[in-house]
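All chains are identified by letter, namely A, B, C and D, in their written order; residue positions are counted from 1 within each chain.
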């Protein structure tokens, strides 16, 4: 049964140096507050997994938390590059960043396999590309019925998955709605999970398009209103597009970035 | 504008952010009101009033016929062959329409680290028709891409640039110049292409944007301004 | 775009002798009215696919529509045997019935593979059982990452899938809610699909737990209120448990069965 | 009643219809109010007031914490190892607890065609603990099952009959009589078993149903009457 606790306590007990951590949320419900707490607690040598590293991992990479990134699309959506990610890959600042890259389809299916307790998932993907040559978690299997060669991707089972959701109840059951991305799979694939929520409610009222994660598959829940900003939580906030645009200038320069982080994240 | 004309009414279109989203939303306002927009974030049948900045903007979900998970979008909808048109961009393209969105330079010592694959490899291989939109220059139209991120499948592949329109011929599997925009010559396109460009027997000139097309474009752009 | 039509016209144009037909619905939303129309139109030599043949296939088998059954659990839930199914298998009445049997997990994953455009799905199942020996659509694949031997099941792509749903709108978009079983997968795996609905509405109001099938993945929709009886449609009707119990006596004897079918189904 | 005692509070239990559902709902009312009932139809955390006739009854969905698709139940919940206890029935069982629910007689010329596998093969192999409930007779407890439909995995396997309780010993992989119900002798059980039965060094007698247990059972049975 999920423990309802504070964000600092949850991060301290669930996230350790060297862990494989997935902070998921596809544009919507990105768990920024939890990422900032991980930065403040000075976690190091993390392997960060996420389909779209987005500004959240740009910040964690620039802050020196990560030594490896598992991902499929590393840009600032609609804006441009993630400068801290590029600086780490191109120049090793603040430390070198190893990459394991996939397509979205591959990453999504890796979580599906993880959530299903299987060592791999099968898809028709990566055909003719160079991705397989640089990524060891892609291989092929032959269909025993048709002889077709299919793509296999290894399951992805994070040590900890962190997501942001709209609501939880007192038993730690969690509900999210709107664009729910790969969060169900990412939580079910993980050994431990932490959910930050906008609000604790007495009763989760069923809603259209909602995903409910029973408290017994969640390790810890922390109430953190606004914990997705500058991403958003449908029903609670809107995406701060201006911040995403502003991040381009903030993150372009190492000193500007570091000053911004010190002022706004601390740690 | 030329890209938006690639969409027929009723087409199911998988949309990325930026130019593709603009083109698809333009088409929906002009000649293809029944085209179905699918976004990678899981929204099916989105009808945004304003093309979104990101593919996960709330309006895409609020206006959708249904919202599904990301694994479902890729497995049940794209991979299953339910997408008619996939729009893609790229930093480099070669004569076979191989696309690079991963890296400029060597993979392990990149000059420029690009965003990576995203949904592109499977959009390229699974959509019935692939439309690539990019700027035409010798830096983008190269003899050999530094990294093959996406390889269009056997269906039609159309490349639309600021200079003209190329199509991959089914027989040769090589891009061929089919049309130039008004005021552009075939030699202009040759000069901006990093390989010996094949040119169709008859190169047409694309139609200039019509009044309603320009008006719709201006309205969308204005709505998108921050 | 789905055509909104009548049930007789839809069955006449979509279901042909010899087709592989799946009438799905896991206890809830079983498309009985469509099955009865298929019986009335005298379709023959069908291959019927369904996780739980239930009373619906007991009727179709007894009426002589089927030459083959693909299934995973063939009982009358909570009541006992399906006597027509047993009579066909044990005594070839009214005609012999070939069986292709799986577990629920295998059948569900066969539809998932079909809906995904893949020739197979992978699971951990059928271990140590005799099912693989009698069913050719089960095989093994070796995980290229771990070396583990996994079970592969062949995709299932019906010629026609038939389901019952609560509502459609004028564009043929379909909405179902409550226990939605494998219906999404069964429709997406099929070449053609027919949906009977309780009600045509001007606008599908989003509901908790609803599945929406866009009109462009559905071939035909017919409005058939009560089309799931004696199964039920959440929000419209309750399961007729008394009928399921009564079916045991009706179906036990060939003549009683035939008389009931003539009186209640016709054709 | 003895079956219901197999459920500990907080256990996640995958429930079939009939006796398993009765046992699980009894446990929820008595000593395991926090046990989580999952039905194959996709309902997670169902709290039915009355055990349902079928696993797809509306009340299971209405009282559930969440309802998911059937593929999800089997892939994300059962196969992933999230089920603590799986209840199964069978027409035949052998000394290794192999279960037959497929056919009596030869597969291609059946004497009795049984319902088949359903969810049982994967419940047997994926649940942490398997509880089999069936009647004890030489017709059901056979030297060799006519068809192996389900094979319990490496975890504990408990078989509860109208005569007593057997468990598969981890070392020998063979069922062993551990307890008899009040009024039943070990010889009674031997006589009803179609192989030479292993008997534990110390065979206990199961506790007779308590007053509250019987009352709860009667209330449930009454509520279920058609």
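Note that a contact is a pair of C-beta atoms (placed from the backbone, for glycine too) under 8 Å apart; a residue touches a chain by one contact, two chains touch by 3 or more.
Please read these numbers as outputs of a predicted model, since none were measured by experiment.
*Asks:* More C-beta pairs touching across which pair, C-D or A-D?
*Replies:* Contact tally favours C-D.
*Asks:* Just the number, please: Cα centre separation of chain C and chain D in whole Å.
*Replies:* 27
*Asks:* Between chain B and chain C, what is the separation of their C-alpha centroids in Å?
*Replies:* That gives a centre separation of 40 Å.
*Asks:* Would you mind listing the residues of chain D that make contact with two or more other chains?
*Replies:* 75, 79, 126
*Asks:* Would you give the residues of chain C that are in contact with at least 2 other chains, written as numbers and ranges?
*Replies:* In chain C, residues 112, 116-118, 123-124, 184-185, 209 touch at least two other chains, as defined above.
*Asks:* So, with touch as defined above, which chain pairs make the list?
*Replies:* A-B, A-C, A-D, B-C, C-D
*Asks:* Applying the document's contact rule, which stretches of chain B touch chain A when the two form their complex?
*Replies:* Those in contact with chain A are residues 17-18, 40-43, 52-58, 60-61, 67, 69-71, 74-75, 78-79, 98, 102, 107, 110-113, 115-122, 125-126, 147-151, 153, 226.
*Asks:* List the residues on chain D that touch chain A in their complex, please.
*Replies:* 10, 12, 36, 44-45, 65-66, 75-76, 79-82, 126
*Asks:* Under the definition above, what is the set of chain C residues touching chain D in their complex?
*Replies:* Those residues of chain C that touch chain D are 26-28, 51-52, 71-75, 77-79, 81-82, 85-86, 89-90, 101-105, 108-109, 111-112, 123-131, 134, 178-182, 184-185, 209, 232, 234, 238-239, 241-242, 244-245.
*Asks:* What part of chain C is in contact with chain B in the complex they form?
*Replies:* Within the complex, chain C touches chain B at residues 1, 112, 115-118, 173, 184-185, 188, 211-212, 214, 216-217.
*Asks:* Mind listing the chain A positions that touch chain C in their complex?
*Replies:* For chain A paired with chain C, touching residues are 116-124, 137, 139-146, 148, 150, 152, 154, 206-210.
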